[in-house]
Amino acid sequence: MGRTLRFYVRRNLMTSIGLCVLAVFVLTAILAPWIAPYPGDAAGLVHPAHQLLPPSWQHPMGTDELGRDLFSLVLLGSRVSLGGGFVTIVFALLIGVTLGLIAGYAGGWLDEAIMRFTDIVLGFPSLLLAVAIAATLGPSLDHAVLAMALSWWPWYTRLIRSQVLSLRNADFVQAARLSGRSPARILVRHILPNAVTPVVVQASMDLGSVILTLAGLSFLGLGAQPPTPEWGLIIANGQNYVLTNWWYVTFPGLAILLAVSALNLVGDGLNDVLNRRERGVL
Amino acid sequence: MALLSMRGVHVVVDTAEGPRTLVRLSELELAEGEMLGLVGETGSGKTLTGLAVTRVFPTPSIRLQGGSIELGGRDLAGLGERELLAVRGREVGVVFQDPNASLNPVFPVGRPLMDLLGLHRSLRGQAAVAEAVRLFQRVELPDAAALLSRYPHELSGGQRQRVMIAMAIAAGPKLLVADEPTTALDVTVQAELLRLLDDLRREAGMSVLFITHNLGVVAHMVERVAIMYAGDVVETGPTRAVLKEPRHPYTRLLLEAVPRQGQGRLKAIAGTAVPRSEIAQGCAFASRCPFAQDRCRAIEPALEGPGVHRAACLRQEEVLHV
Amino acid sequence: MSERLLALHDLQVRYPIRKGLLRRVAGAVHAVDGVSLRLDSGGTLGIAGESGCGKTTLARAVAGLLSPSGGRIELFGEKAPQGHWPLALRRRVQMVFQDPGGSLDPRQKVIDAVREPLEAFTRQPPQARTERALALLAEVGITAQQALRYPHTLSGGQKQRVAIARALAAEPDLIILDEPTSALDVSVQAQILNLLADIHDRLGTAFLLISHDLDVIAHVCERVAVLYGGRVVEAGPVAEVFREPRHPYTRALLAALPDPDPDRPWRPETLKGTVGAPEGGVGCPFRQRCPLADARCGQETPKALEIEGSVVFCHRVEEQQRPA
Amino acid sequence: MLHFFVRRVLLGVLVLIGLSVLTFIITRVAPGDPAALWVGPRASVAQIERATVTLGLNRPLPVQYAIYMDDLAHGNLGLSIETHRPVSSEIASYLPASLELVVSGIVIAILLGLPLGVLAAMRPGGVFDAVARLLAVLSVSVPTFWLAFLLQIVFFKDLGLLPLAGRVSNLVIALDPITRITGFMTVDSLLQGNWVAFFSALRHLVLPAVTIAAYPFGLIVRMVRASLLDVIALDHVRLLRALGQKRYTIAFRYALKNALPPTLTVIALTFAYSLTGTFLVESVFNWPGLGNYTAQAVITNNYPAVMGVTIVIGVIYVVLNLVVDLVIAGIDPRVRYV
Amino acid sequence: MRWRRLAAVLLAGAGLVGLSACGSSGSTGSATTKTAVGVYASYTQVMVFWDPSDSYSNEIIAMPQMYETLLRYDPKTDKFLPDLATSYSKSQDGLTWTFHLRHNVHFHDGSLMTSQNVKDSIERTMQRGNGAAYIWDAVKSIATPSKYTVVFNLSTPSPIDFAAASPYAAWIFNTAPLKQHGQNWYAKGHEDGTGPYELQSWSSGQPLVLKAFKGYWGGWKGDHYTKLIFETVGSSSTRAQMLQSGQLTFTDFLPYQQIEALKKDANLRVTVTPAWQNLMAFFNTKVAPLNNVLVRKALSEAFPYQEVITSVMHGYASQSRGPIPAGLWGHDPSLPQYHYNLAGAKSLLQQAGIKPGSLNLTLTYTAGDDNESAAAALYKASLAQIGVNLTARPMPWVSQWNLAKATNPSQRQDIFMMYWWPDYANPYSFLYNLFHTESTVNFNLAYYYNSSFDKLIDQANTDSGINRGQAVKLYDQAQTMLYQDAPAIFIFDEQHVRVIPKSLKGYYDNPAYTNVVFWYDVTP
């Protein structure tokens, strides 16, 4: 068993690294309230006395202008960022997959209508749509998540539709018709399970960029609002101190970089494993 | 003296459980200007044997473990990647099976041919175009000049195979490895192409390693034949001798499995093909062979027989006369 | 009881070619261009032809997977309904596809593939269905242990056996076999052909075998119809047609087939041109490539000519029959 | 081929109309009273009424939309609520700044990303491949605004090599200013042979362009590498290898051309995304681009500006997709017969 | 545009706003070269309104370089310095004001400035009625008895000298080009004033560049800045860095943390002056329990004034004494004020019958402003200690203001936190706008409607036109009344903290002209 594991790890070293880093982040997100040294800081507690301290043993990532421990903020922030990203993807998948299935299987004018609407939403500059929605409903984490989901679902509609179209006349679907299955049953029992795999892979690769967009929105003041410890927001607060107190901006930025990289690496790995194509050689 | 002689060629694939043997070829020889039929079913290792000549394996995990591959006296197995590159195309041409996938869809069919002419025969510009047109005419392609700038999807399957043959013989190689060149074509088109291949071979004195699973084609096209099973040659000899008086049980059963009009039940070979890596010792075919005896499962038979017609079977005499 | 099982009357299937700005229909590919055939219950009919002759389209039309553009399909004496078939009829016509891997759902275990038709067509309790499925699989040589695995773990031959078991589960009167063994090696093909022969002998199920390999048809079927350009060019008892091929295309087809016996002569005729997409219309579809073609073949569609139990569609043959 | 082109144009127009409806609804739903914004808070209620009439906000929505579309047809994007100046002139001054930034960013991404992707695919699993993949993943995952700060700290504060922000130095503005021709500082200064301004503009362009280039760079490397690996596994590449063609020729000439279509689509996508996604980079580098203008317009619900930007970006996006489709049709002949 | 500047101040924190820009490594402002370039970086768009009549936003920092007013107010000496008017006098009843104009002053297009120009300028501003035009409401008519004398006839007594020195709606400009090119010639980005600098180049998205006006009446002897650049640099850390590297001469707004860091820089110095801007938190007196004065007093005593001043404002603020900020006439440091006294607050709550833990309040402030968010956080922490649960909700200014204007009071916020500053040096601006009874809700966000308070401040305003001492006494009574009723918490009066190069001499931060640098009066 050891040998096979070693073989796979060596073969896709990067994916394994990604997996470990991701595991660490997920763990911190879950255990954050218990392992954060100053959990109160994320709930509005302030200690103006020791503000803007450089990294030290009590404060591994230093403190912000209100004396809050950045290490705790980043830890609790992981729950907000990862959670926010995950919920966005789930929403986007729900809308996207449903519309994609209908468009793919129904065909005709319904397919045309759904796909043209998808083109329009895709034509809309996504960040602008997100910013506009977040601005109209008022800036908050939930609205940012909703806004991102609304500008992200079209990708999944297109992906699912193309899958369904190619599967619809696959032999095993025809065979199911021969076996007396009704179209609806075929859609759920045969087409959906086979169509969903590439979408799941795409979703796992998108999780990274969604977290990045959420951080961007918070940086603009349209995502999470104080005192919620979202990573982008911490950087936004810290931007006045970029050139004076380097640690304020560096650590939350590093957290985003590591989390999103890990997600991308795992997404890549999943992609390689699921559509196991033989690799050529040059 | 044989143009190509392959001895003890060992091809493996790296898997999670370590290297797995795919081909363990005892010996295979091809005389100059000779067309040898390499016949075998899926998984018999016939394609990999052909690819092993110039080490053009499809995936990085498949590699040549050992053995000698002498072409015109020089051992290709020992050559490094750089020197082997000079052999590919110039001395050994290749034709693949699938006409749809073997030509780059976004380039006019003439382009790769002219690049090869530039590379191997340093022909540039108009000279290369003229030579390309000549080659296209040589492989009987209609209005060759116009065809140079047409795209693969505008040609029929047969025409695309002809383009591939033109590319293979562009540098005037001594050996052509043809891996099931006509299998994907319709029967009527297949016949013409085989005739073309034969004419080209005779005209250029070029040897051809013709890889196929179709016994009918082999019966009428090649002078000598080698039957492969589980990664090794089990019988070889002049075509007529091997097909009319098979000395190896596998060859015999294979011939009887071909459906013919009015024949009752076919004599199907029991069980499924056993991969070489799962055979510890003895004859690879023992588990499915009606002639098998205990000694067959113990001793690994060598390729021997009276004169040129040889087989790897301890009971080949009985097989011949039953 | 050789009452009429299947009858095709001038069956036509056309695929529209859409061109231009508004995707307007500008012509059509006449995949099946007026095919009339008969198959009695328990009979075995072979459809021979090369790629692009419409044989697969014909098979799918007969199986009810695509609706014909013209002509009539009669099944068990009545006209086959368009679109979705009622369960009673659906059960009686099953099909086995060419690519063994493609016809099984990768996400579904082997036993579930066979259980699916049982669920649809019979009202047996689940336990009985499982036993019936295992029995069917055993009949085609698939062990109970293999039945619980996923298709990608089986070989090409084994997957095709599962497909056959699935077809049998519906206890059909007719099984349409679309190039069942062309993706398999000779030795595996032999096992499948023997299996089909057993099924026919034991259950008397009618076969409609589609293949480009005349030897396979010769081995399995009593009657054969040769298709070119979406039309039947010659049909009749296999022995008759293969021994005495009358239509130039049938002759060329047979001549091109090399026999593994080196002593059998092999002199393939070279046919001009390439297989174009059949546009239908007047005249013989084979005229561009036929060595005996003349002006008449272009203007007049050859009519069916009855000779000793088989039929041929060719002006030249007709002229030879008429005493000079 | 012509039908293919016309059909895409029609689709583009449809997308634009849909876009205008979508933005119209979003900006109308937004809270806050544009009329109050127009006249400013200290104005009397009467002044607000007057502004509501002049802005036509008292009319029913469909009528307002009709007026808006009519104006649009004449290229009039309305007046900015904030500065009372025509939106079209404001966009005309901010768009080139963003274009200059995004174009140079994408060019950097392509020049570095394409060859790296190909070289990585030539030896999958090799050291070069691992480094390329790591670099690509990092550059796709880095938050742009954070990267901007990092670059500022390293290249301005510590090394003092490159300027902190802005498009050109004060001295240039005061002493030898550039007259605006295309709005691209680097191009305009070149056209006028004003070398001092050119080098200053170039030095100011480096850091923001690199920040913008990060995301597309990573994307291109991964996209080229993945699609190249797929192509290399195909028979036609194996055939060329078997016929002795050189490795680099196969990779850069043959395989790369097959891998271009998916890559081009992604590049077109990231170009449009970056055009508006530059809020973050422009605010950190104080770059007077469309990103800042849009963010400001959305926050203050300056709806004519928001709609104007959306339409302009929408048009650029549609044109870009059209160009990419044409280029792809040029590369892959099979596409022409769709 | 009041709220424009308010919103802009706040958004600067989020680094959101940054439009035209420049900044480089070359050094500027070196006095030796004949051309000295002064660079002013503002956090928000500079030229919002070009028309001198409508100007009411951030263009205030550039207008005084291009245009001039009749007088200029100096809060230090509480006197009006001569500008375009060399002297002025007012009648006994305060209804007639006479201004004597300076001779041979020329507009940038070369034409001579006369009393007719003054009359036309002010009448056009009054007639357009935009921006701060209301400061001339009391003017009935303007006469030009001679080429260099202008007489204002008022309908009611009003301090016209303050109006003549106002930073808005008081610019004297040449109306001739308007006849030629149409009324919106100015709005298109032109200027024709009498100021020391004239326009060199500008377009939206590019910095504003002014150059010395050769024909300026003040002459150009001695060291002066010959070129001015006004640019927008959104990110405050960028501005701080540009100051340190000598790329900037002046910037209007820097967060305190930046100022702490810049203090240590050898060639920079810090100036601190009262800012006439204060932070207040208005109670929604129309909704229980905030309609009970005891509760309001308790909440006033629970506010951590000193902690906010020291940790949020870094000491650059003083605790307010009523709504009129320090440094403005009418401010009385001896007025009573609430102090941080949790015990007192707790007992007041008990008297009001509020059980600890039962009171939930929402405080709204403008999203993006670090100081407001920090102050709200500190207030929330201290209220928690007396069992009051405060939710601080940041909102964009537009939505925050709309919520406050909701028809049903119970839908509105409980506490509304915001800044206020006057349009011109007049305390009436604070008392009238923030606490005078309003028919429709505008800025009286405590919804405090007290007729006797209204009468007091209206009388004081008219008196200020005649006898300022009398007006101050009335304002004192009004502010004491606010102390007793406690409709709002008066938190702190801000101070303008400027960081400028040591080499800059003659700079005086005049609070009457917020963020303005009179570049002609300073030497590089």
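Letters A, B, C, D and E mark the chains as written, and numbering starts fresh at 1 in each.
Basically, a contact is a pair of C-beta atoms (placed from the backbone, for glycine too) under 8 Å apart; a residue touches a chain by one contact, two chains touch by 3 or more.
Note that this is a predicted model, so its numbers are computed, not measured.
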item	value
Chain hops separating chain C from chain B, counting only touching neighbours	1
Number of hops, chain A to chain D, where each hop joins two touching chains	1
Chain whose Cα centroid lies at the greatest distance from that of chain C	E
Reference chain B; chain at largest CA-centroid distance	E
Distance from the mean Cα position of chain D to that of chain C, given in whole angstrom	56
Distance between chain centroids, defined by C-alpha means - chain D, chain E (Å)	39
Approximate Å spacing (C-alpha centroids) for the pair chain A, chain B	51
Per-residue overlap in chain A, given as positions that touch at least 2 other chains	135, 138, 219-220, 239, 242-243, 278-281
Per-residue multi-chain contacts in chain C, two or more chains	none
Numbers and ranges of chain E residues touching at least 2 other chains	11, 15-16, 235, 241, 396, 399
Residues of chain D defined as touching chain B within the complex	124-125, 233-246, 249, 253-254, 257-258, 331-334
Residue ranges of chain B in contact with chain D within the complex	51, 54, 56, 58-60, 85-90, 93-94, 96, 98, 101-107, 112, 115-116, 119-120, 151, 153, 164, 167-168, 170-171
Interface residues, chain A side, partner chain B - complex	3-4, 7-8, 278-281
Chain D - residues contacting chain A, complex	11, 14-16, 18-19, 22-23, 26-27, 29-31, 121-125, 130, 133-134, 137-138, 140-146, 149-150, 152-153, 157, 222, 229-234, 237-238, 241, 247, 250-251, 255, 272-273, 275-277, 279-280, 284, 294-295, 298-299, 301, 306, 309-310, 313-314, 317-318
Residues of chain D that touch chain E when the two form their complex	31-33, 37, 39-43, 45, 47, 82-85, 89-90, 93-94, 97, 152, 156-157, 160, 163-175, 177, 180, 200, 204, 279, 282-284, 286-288, 292-293, 295-296, 299-301
